[in-house]
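The two complexes that follow have chain A in common; it is paired with chain B in the first and with chain C in the second.
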Partner chain A sequence: MANQLAFYFDVARCTGCKACQVACQDKHDLPADMRWRRVAEYSGGEWVRNQDGSFTQNVFAYYVSVACNHCEKPICQEVCPASAITKRDDGIVLIDEDKCIGCRYCEWACPYAAPQFDEDSGTMSKCTLCVDYIDAGQLPACVAACPSRALEVGELSELRAKYGDLAEVAPLPEAKLTEPAMIIKPNAKTKPVLAKAGRLANPEEV
Partner chain B sequence: MDVREWALIAFTILSQMAVGSFIILGIVYFFAARKWGEEEADRLSDRALLAIGPVLVLGTLASLFHLGNPLNAYRAIANVGSSWLSREILANVLFIGVGAVFAFMQWRKISTSATRNVVALVAAAIGVVLVFSMSQIYMLRTAPAWDTIATPITFFTTTFLLGALAVGAAYVANYAYVQRKEPGCADTQCEIMRSTLRWLALASVVLVGVHLVVLPLYVAYLASSDVAAANDAVNVLMGDYGVVFALRLVLVFVGAGILGAFLYRNASSPGREKILGNLAYAAFAVVLVAEVMGRFLFYAMQTRIGL
Partner chain C sequence: MGEQNFLVNAVTNTVLNRRSFLKWNAALGGTAVLAKGGLSFGLEKSDKAAAQADEKIVWSACLVNCGSRCPLRLHVRDGEIVRVETDDTGDAEYGTHQLRCCVRGRSIRQRVYNPDRLKYPMKRVGKRGEGKFERISWEEAYDTIASELQRIIDEYGNEAVYINYATGALGGTVAKSWPPGSSPIARLMNCVGGYLNHYGTYSSAQMSTAMPYTYGSRSSNSIEDIINTKLVVMFGNNICETSMGGGGGKVFALQAMKEQSGAKFILFDPRYSETAVSVVDEWIPIRPGTDAALVAAMAYVMITEDLHDQEFLDEYCVGFDEDHMPEDVPAGLSYKSYVMGDGEDGMPKTPEWAAKITGVPAETIVRVAREIALTKPCFITQGLGPQRQANGEQNCRAIAMLPILTGNVGIHGGNTGVSEGGYGIRVMGFPTLDNPVKASISVFMWYEAILRGAEMTALADGVRGVDQLPAPIKFMWNYAGNTIVNQHSDSNATVKQLEDDSLCEMIVVIENHMTPSAKLADILLPDITNFEQNEITSGSAGNTGYAIALSQAIEPQFECRPIYEMCAEIAKRLGVEEEFTEGRTHDEWLEWVVEETRKNNPDFPDYETFREMGIYKVTNPGEPSVAYADFREDPEANPLSTPSGKIEIFSKDLYDIANTWEIPEGDVITGIPVYAATWEGYEDPLREKYPLQMIGHHYKARTHSSYHNVEWLRKAAPQEVWMNPLDAEERGLELGDMVHVYNDRGRLKLPVKVTPRIAPGVISVPQGAWYEPNKDGVDEGGCVNTLTALRPSPLAKANPQHTNLVQVEKA
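Showing the complex of A and B:
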């Protein structure tokens, strides 16, 4: 059994099609306004003056697909008063709806906006890493759905050996806050974490 | 802002007012008993003490409206080991419990006054832990606008400011009651009330000073921060809710500062009980509104690092 399952995301491959997000909503039968996986669009750019006095633009945009990162230091679990959030031996962080009191404290705490409030049940919900699929040896719905193979799932240490250990880029938070089990392969335009070069272009979608 | 946020505003304001009232009542009782004797101090405090209970229970009931799944509310103390929210609820329950035991003992004069003092001190200590836990809930490393020393400072300032003015209003109401029911004791009670209100007025002027020093420093700190979420919180406070923020500062200054100063003056000379009463009620009402607005703004400034 794995010690810590993790997502890998390749910025260069992502086209922002949101197949991962929709596959997740379909698999878990989520309402349209609940997105356990979301695709953040980060964009910016300005006019740069060249030496000859002419101007060129350096507009950029890229996508970051984020779900719950099943953090190694899950702040949601730390703050949950009801002890409703647990971390399995394989690292998957799960919310037990039967124990949740719906105080939404985890929602305040999580810098990835992973725990989301379910108005119908009055409890919190979030990405389960498709734990039923994982236990059956299958891929999570988001990973399986990605047409450009920008997403992978695997053991964190193995993914790190293969792709490095970058886990923070703009517009994500600093990795030291929760130690997310995530690896990001940046593309040429990807800005570092805390960069002010661009902005989240689709805040209503994440 | 929906019902759930208002539930939190009601809960935090009412519990803090209850803790502040309990502690201030205890301090006043201590000095009043030394100067005028226990019997007169009891006559001053006992009814006010019993009034704290309903405030606490009301606040705790309000907190249930914050929950999406209140049937599981008993689970809120399941993570005392790492969640400040659990610690807060545990302290809240203990404060209600020990406070109720003390109030009952004091009401029926059970056991010696020394024993009752010990129970009261334990309850007061739990009350301080309760307000401290409340402030720690918001000091999340992912919420930069909340994660500052200003959170505990303003929570404790609110606690004692509301406590002082609520107790002041309670003494005035108590005096009116004593005048009607026990006219023989009215003169001494009048003297105690005036003397006490002077100190409470002084305390509220000092406490509003703390607010008016800390709040601008806090806003300046957030504005100068290089964390985007902290700057966003300033924009909410000064932009979206600028009028509310200004009104909150004016009201707390008027209620605790100006009315507090009038209260102090009028309590200094005898024969002004009527105006003294109206001033004490008005100061409490105005500051209560100001503190509710302040807590509203506190929750409105909920901005988080990340997505």
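Showing the complex of A and C:
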């Protein structure tokens, strides 16, 4: 898709503050337990107690902010029995609430668990990339919110030319599953996808 | 738990994490376990279009005590705030960047439209602290306050009236609670004879008291001067959580300066903070309260390897060695004597000595000491954590020894060892007249002043302005503050004392929300938020100064009224309305402030233009500022304001204080900064009973206790105690387990975050969560101050809230 839109995320810039997550909740009037954008903490390292009472360690930690990645191969769309999920020319993946039957199959299939069930409407919901803002020429709420400019949005091809094509780090799933429209700039702390060096440190928060 | 890769589990279904599990339950028609998001807070469902024709956008700001005053742009429709955005002026380049608010500003709708909002004036019924209130009229509230205030002034004098430290409405011009001496309450009190002052803050009391003994003031290079350095060394400096927003500017500045300078960042901190995550290259965990030992050992390395800057020490400093001591002081009291073991304790401060105390391996101390001494320039800085200790005054002066020993003071790319500054715009303040009362207590000592005010003296209790207080505190104003319970120490003891209304006879609380402190009120007045009135604020964001004209977004909610009106009404009843208002309304004072500002700064926009602009920014046109640059240039012509005019490594003033004050056993005040083992420190034998040191880091979910009751934030960053896996293993604890944290003062119940991001033997309970004791007295809110101590630090008589010993067990 020539004009595929994508998110860019800079690990070194992210402090884990979650302004992106809450800006999204404010923009879309989401309840606190519904997070179209989430911030995962990945940390690890070993501690050794020395004989003199001092310690040595190799601790690391970093955050990954992730929403719907508006994948090039959207598995949610593939598995939807109601044909409720569409992909626009600019790559934005949307759920048609009128067609959605709330079976939650997309939620199960998506490796990022991006689609989430809205109890009020009985249908699925997820990041729309703030399609109304995009159509009005504005930045999505999360991107416009980041105090550190860790997030950008743009055309996938242009972002790749600028930042490379890495789209997977721990604790995210492998990019080959759905070809996410996402680019990650790692830093010295970042571990590769499927790494065993650390663990998801905030499961309750994502 | 999905411990390795949470998201992929939904597909592979190998391990169901909690989130997936809940979803599966719901999908399979099990019990409805998916939370509905709790309270709706009156939020509207969004329709699709971004900018509505019937919407207006007004400039506002988030005004709480994080050091930032971040701009907000509020979308208002049908009298309701429906969307929150932030600064949209400028770009992403440092210097012209947008001042983007943090997660808290983003959640402002849930703070304004909150179920805890106070709706009308109330008076206490029943016992104080029971939380039972009865609705009254504004007239009755004003009458009661005025008559009680007059009675207490007549009976005990103006020194019996206290305005407590309160920072919930901070950064505005008229409607501001901090500093209390600049609030409308202070102006009201100064019209009727004054009130008991305080000095210092809960944030920085030890540092602002101690640093002037070294430098004559508490100054630092600006944060943007990091661009000129090669190495940044931070002690307990957690900018990425304490000052997250663009309006404080430090996070963005730190990241930009790191990228532009290529400097290496080292952090000494018991906790791998968000600052460690984002900018730090090497984290070195250190035990709380042991910074001075670490510094002494690094000094030992520098002196023995001749890496220190002897020329700088000779020319600019007093007290490094025995050849540069003030007169009339016995031998052996210089810093070099202390470090080399030639002083009173006869103990050489070797890296091996310090390793046992600090937890930092000796070889690390040697390596970093060499790195600091050999990398020029080196920017050494500290946050406010190291000074908020029982030996905090020693810690902060000790940390400043590193730039002094290496000659990094007064130069670009160096620093003083004090937390970094920024560029700002000066806006005139609201005049609050002069306080006729000269007596002043430490910010932390009001609790003592209620109990034994008339016995408190200058030499024993740090009373200033008078030798002895004439009266105990009998009337307490608490406007936009949660310090009378939540942010003071030992919440259980504090509440117990305040419940006795024969001591402090009247407590007036003015608030937005029903906080733990509000529950102690005799009269409780509902304040409007800064979104319900016009205001002006100004701040510093790295190299950018700014001022914001906040415009009223919505009508006052319920029966809430502005603080200025409350004070004017009480002034009227005390016969001083004219003196209080000078005929001006709140908005007319704002206009006056702008006019006065323009007298000194003609570039500042006029009132109408400023309101239309919303935000006014100025980027520093000059170089990054350097503290004491003129002193470095010419110390004879530009002496410091210390008694000697030089940097006082040995302070004769402190030496004299140590010999004249009545100092409790165990408290240490010395001319030079030394490591002083303290009560409830790492070396206290009490560790046999309570083996863990407890600190309380600032948390992204709150600014102190502000925003605690915001659902989005509570779910984004839940209250939890941090613990190292080694300590957790010994106690059979796993991530997410409910635990009790306790000592002799109280007991908390909250979940544990088992994480390698904190040193073994140390736990951290994020400070600011609201005190919420259950029927058994267990604080289920997880307020760190349920466990902190009332004993003040030696010199500043201030809050040592990171010095605590506790135990943790499974709940």
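What we mean here is this: the second predicted complex is superposed on the first by the 195 of 206 C-alpha atoms of A that agree within 3 Å, B and C clash if a C-alpha of one lies under 4 Å from a C-alpha of the other, contacts with A are read in each partner's own complex, and residues count from 1 in each chain.
The rule is short, and it goes like this: a residue touches a chain if its C-beta (ideal position, glycine included) is under 8 Å from a C-beta of that chain, and two chains touch if they have at least 3 such contacts.
These numbers were taken from a predicted model, which means no experiment stands behind them.
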Which of chain B and chain C A:Q138 touches, first, second, both or neither: second
Per-residue contact with chain A, leading partner among chain C and chain B: C
Touching partner for A:G122 - first (chain B), second (chain C), both, neither: first
Partner chain in contact with A:Y112 - chain B first, chain C second, else both or neither: both
Contacts of A:R49 with chain B and chain C, given as first, second, both or neither: second
Touched partner set for A:E179, first chain B, second chain C, both or neither: neither
First (chain B), second (chain C), both or neither touched by A:P171: both
First (chain B), second (chain C), both or neither touched by A:E78: first
Contacts of A:R149 with chain B and chain C, given as first, second, both or neither: second
First, second, both or neither for A:D90, with chain B first and chain C second: neither
Doubly contacted chain A residues - partners chain C and chain B: 40, 66, 104, 108-113, 117, 119, 171-174, 177, 196, 200, 206
Sites on chain B touched by chain A in the complex: 4, 66-70, 72-73, 75-79, 82-86, 89, 137, 140-143, 228, 302, 304-307
Chain C-touching residues of chain A, taken from the complex the two chains share: 12-19, 21-23, 25-34, 40, 43-47, 49-50, 52-57, 59, 61-63, 66, 104, 107-113, 117, 119-120, 130, 132-133, 136, 138, 144-149, 170-174, 177, 188-189, 193-194, 196, 199-201, 203-206
Chain B-touching residues of chain A, taken from the complex the two chains share: 38, 40, 66, 75, 78-84, 98-105, 108-113, 117-119, 121-124, 171-174, 177-178, 196, 200, 206
Footprint of chain A on chain C - complex, ascending: 1-8, 10-11, 17-20, 23, 26-27, 32, 34-38, 43-46, 48-51, 83-86, 88, 92, 100-103, 106-107, 109, 240-241, 244-246, 251-252, 255, 272, 274-279, 281, 283, 285, 352, 355-362, 700, 711-718, 724-726, 735-736, 753, 755-757, 759-760
